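What follows are several structures.
Each of the next two complexes has chain A plus one other chain: chain B in the first, chain C in the second.
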Partner chain A sequence: MSFIEFVEGPFYTVAMTIFLLGAAWRVIGIIRIGRKKDISPPKGSAAAGFFKGNLRHFFPRGIFARRTWLHIVGGYGFHLGLFGLMLFAAPHVAFISERITGFGWPTLPRWGFVITAEIAFAGLIVLWVRRISDPVMRLISDWDDHIGTWITFFVMLSGCFAMQESHVFLRATHMLLVNIWLIYFPFGRLMHAFTFFLSRGNTGATYGRKGMNL
Partner chain B sequence: MSDQSKADIAVAKFLEHTDGEVASFFEACVHCGECAEACHFHLSTGDPKYTPTYKLLPMVKAYKRDKAPFSSLKKMVGLAPAQVTEEELLEWEPLVYDSCNMCGRCTLVCPMGIDIAGTIRKMREGYAAAGMVPEGLQRSAEFVKKTSSPMGVTIKALQAQIKHQEDITGIPIEVDKKGADYMAIFSSMEIMGYPEVLGAYSKLFKKAGVSWTISSVAYEATNVGVQIGSGPLAKEILQRVVDAAEALEVKHVISPECGHAYGAIRWAGPNMMGRQFNFEVVHIIELLDQLRREGKIPPGKKDDRTMTLHDPCQIIRRGGLLKEPRSLMDGSCGNFVEMKGAGVTNFCCGGGGGVSANPRAEELQTAAFSQKLKQLDGIDNLEAVVVPCGNCRTVFEDGLDAYERDLEIIGLSELIAETLAE
Partner chain C sequence: MIERRPLPFRSRKAEILTHQTGIKRLSNIFAYARVIAFMLLSATWLIVETGQSDAASHVRAPENAVNLPVDDGPPNTLGTRSDGEIWSDIRHGAVGNPSSSSASGQAIQSLGQDWRLLRENYIVKYAGWFPVGVIGLLLLYFLIRGRMKIASGRSGKTIPRFTLIHRIAHWFTAGVFMILGLSGLIILLGRPVIVPLFGHEVNSIMTSAALQGHNLFGPLFVVALMWMFVKFVRGNFFQLVDFKWIFKLGGLFGGHVSSSQFNFGEKSWFWLLMIVGAVMSITGLVLEFPWFFEDLRLLQASTVLHGIGAVTLICVSLGHIYIGSVGMEGALDSMLIGEVDENWAKEHHDLWYEEVTGKSAKDDTEEGAST
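Let's turn to the complex of A and B:
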């Protein structure tokens, strides 16, 4: 078995299994801790608040934007760029179509890929530079923050190298890093991709019960 | 209590209070530091240690070590956080009690919507159980046990204030009136510092034809248990009010112009008692707004001074009463100007959540008040600030004094009473 066959075959299957089971275990584990039923007479709907809270926190409040614009721009740039690359880069669509869905969808043209990648890289670099330079960020950051950032960075970088599919080694390197990223994901702070909805939702539900329009 | 056992007791309480909601907060925080940009303690000092999420660190560590999914696996491979020590708890104690008003402004800026204020409240349970509470708050708790009031206000003192207000208004206030529709409770600060609120209630309720009373055994609304983080004490304080209200068979209990008292009885109350009450809790602002909408307390000549409204965090941002005070202000104030950031994003006065009862935090509180002062300075020719919270009022007065500023501070009920149609 060649290296590329290994990283796209059994290693990928193992990594994806750890990712799926680990992420599910962690989310279910949080939910299973449970929460006492709130018996104060409600003024509004907790369920509606759960969804509203999730949507509301996608949009930064204007009054804070002047102080947090760098983080907003970096954060949105990185995340939108990353999702653009993950879901619309031609090799990804081909891989997903072949291995998972059985069907594909329109992909980014080369120039679109380049722009999207630049936005994602710029966002990630801004966030990381802020993490190592801002006194608040330096104080609160830990090794998990840095590992998550760097693994993601190398996955993206190797993906750009592999884009042309000119060398099998480059594609294999990208897949190797993707597998490492998938294995690390459920155990670290990358899990915020799944836990954010619980956090926003819980606060939204509390506000919702109080009939608050936040 | 040995040193180790203090840490053990605190950690056990941290874990007990880390329910699914708190766990979701700890699991979602990405250490982005946005919360620092909303915290008046950080903004006024520039010190990174006042970053709200940082204040939670010992509780986060306890959760990640002993309760989080994969914590056993991480402990096995040596990747779990170290045990929380007493030294660490002592280092964090001023962050938990002195530099957090539990105002919840940080939640609004948090991309994950983490309720840091609510989590600090739960974290304080650990500190209270381990006996690691600031002296000032501990003293308030002792007063409460003796007199039911954190300032030691006795029924005799209340009766004297009632008599004085009856003399001023000419309207009798009936104490322990069984079967009244409403039972009012007050904060000690109102009773001793702003007793005119009693006169305002009697004037407004007479006009509206509302039947009301004050209990001689449960007149105190302040819940030091909530401020300290002691669930048992909070329940004991609340029990007095619930027992008195149910004994007097009132239909409603009026929560006063006091921030945390509203949350303590309206939202946390039934959960603390483990049952719903036989009466409804209504905030005085809600009640006055309702009476005004029903035409029972029509506004007369408006106060034409340039006024603004402070938003007490636990009533507005965390209590949900955003429109009601504004509607009342519009009816009673001829020149009502909102401060920048008014409403749900308004700054806390700096003294909420027990900070004003903690002398050790005085300097920090004054520093935090500078953010409020900036908001006030943004309004041209401001003549008065309406502050619908007794505790916030004293913080405003102390803050203005510290910064050598002169501005009138008034309560909302008093403003409504003063501008009531004849």
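Let's turn to the complex of A and C:
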């Protein structure tokens, strides 16, 4: 079995299994904790607050937007860029179609891929640089934050290195890092991809039940 | 005065046509040889030829084979001039009209060879030694001079020097610069350095990866450069006080040198980065999108300027990295936390310290030293 066959075969299967089971375990675990029963009479809808809390957090409030514009631009740039690459890069669509869904969808042209990757990289670098440059961010950051950032960075970088699709080794390296990323994902803060809506929703539901306007 | 005239032009097609014409002539001789069979040599040749023809007759042509029409082409395609004369004319810019294609104008020129020789014999050959030399000099300087300490020690009080946006702009540019520098060196020095050490396959993989990374991060450097200019241009204009800094060699060998927010070395690095960085950005974009530029000379000049500019920036950046980290106590604080120790500010940027705090750096230094 060659290196590429291993990382795209059994290792990928194991990594994906750990990712799915681990992520489900974490999300179900959080949901099972539940919320402390609030015996006060409700002044508004907790369910509506849940959704409003989620939507409202996508748009920063005025004074915060002015002070944290770079964080906002970097954050949106990175996350949208990453999703664009993950879901619409031609090699990814081909892989997902072949291994998971059985069908494909329109892909980004090469120039679109490059621009999306540049936006994602710029956003990720800005976010990490802010993490080490801002005294408060540096204080509240730990190894998990840095490891998550750097694994994601190397996954993206190795993917771009393999963009020419001229060497199997580069593709295999990318897949190896993807597998490591998948295994690490459920056990660190990368899980925020699946839990952010719960925390935002919890806050929104709490305030919504109290009748507060978010 | 160089005579510009159509050159006899060798092409693959012309060679094939010439070859076919030659075969026809030989066939006539063979026919004549059959008639005058008394010529032994010709007869022997005929026997051999007949044998070959018999052998050829056993090769069956495909059923759908088609005999294509043969174009005899223009006569005298080889001309009467020697290769040396032809290449001499080409080197002097002679324009030729290819006889067997629709191309016109100067189809062959030696500029590419000149460029290749310049690139391989000078740029690729020596480029790698400059960063190595700079690293060696810095190591030597560090061994002799050691780390520049804050003479009066840390005061424990800090003053803000760079805002968060300044620091993010700096580290963003630094990060992109390092990726471009490493990938660029792999592209430039793959053959002379990686191939002898790790072989062609490894070089091929690394160069392919580096090229993709370099092309991807290149446009980000353009953005970073503009961001750096906007955030740092203020305070980087040269002043009279910078002459004193030059005469004292920036205090590298001791002695106090006055400077404002940025000293002469920092200002020079800033403008070098801006000017050479702009050249790198323009030439880089030309090389990344070569199909927009028809003039080959522009692409060739771009590779030369890009290579020289890259080595220049890498070498100077090594000095910048050294003095901003291990070379000088307290310097890294300004870019990590945005604040510097007051005593550091008094020693290295006394005029800026006085401007920011409204206090005299000299009096305070003496006070600090006496306590």
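FYI, the second predicted complex is superposed on the first by the 214 of 214 C-alpha atoms of A that agree within 3 Å, B and C clash if a C-alpha of one lies under 4 Å from a C-alpha of the other, contacts with A are read in each partner's own complex, and residues count from 1 in each chain.
Simple rule for what comes next: a residue touches a chain if its C-beta (ideal position, glycine included) is under 8 Å from a C-beta of that chain, and two chains touch if they have at least 3 such contacts.
Quick caveat, the model's predicted, so the values are computed rather than measured.
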item	value
Chain B versus chain C as contact partner of A:Gly53, first or second or both or neither	first
Partner chain(s) touched by A:Phe88 [first = chain B, second = chain C, both, neither]	neither
Which superposed partner A:Leu170 touches (first chain B, second chain C, both, neither)	second
First, second, both or neither for A:Phe154, with chain B first and chain C second	neither
Which superposed partner A:Arg200 touches (first chain B, second chain C, both, neither)	first
Which partner, chain B or chain C, touches more chain A residues	B
Touched partner set for A:Asp134, first chain B, second chain C, both or neither	both
First, second, both or neither for A:Asp142, with chain B first and chain C second	first
First (chain B), second (chain C), both or neither touched by A:Phe6	neither
Those residues of chain A which chain B touches in one complex and chain C touches in the other	134-135
Chain B - residues contacting chain A, complex	18-21, 23-25, 27-34, 36-38, 42, 48-49, 51, 53-54, 67-70, 74, 107-115, 118, 266-271, 274-276, 280, 317-320, 322, 340-341, 344-345
Chain C contact footprint on chain A (complex, rising order)	70, 114, 117-118, 121-122, 125-126, 129-130, 132-135, 157, 160-164, 166-167, 169-170
Contact footprint of chain A on chain C as seen in their complex	164-165, 167-168, 171-172, 175-176, 204-205, 208-213, 215-217, 219-220, 223, 335-338
Footprint of chain B on chain A - complex, ascending	22, 25-26, 28-36, 38-41, 43, 53-54, 56-57, 60-61, 63-64, 67-68, 71, 75, 131, 134-142, 145, 186-187, 189, 191-192, 195-196, 198-204, 206-207, 210-214
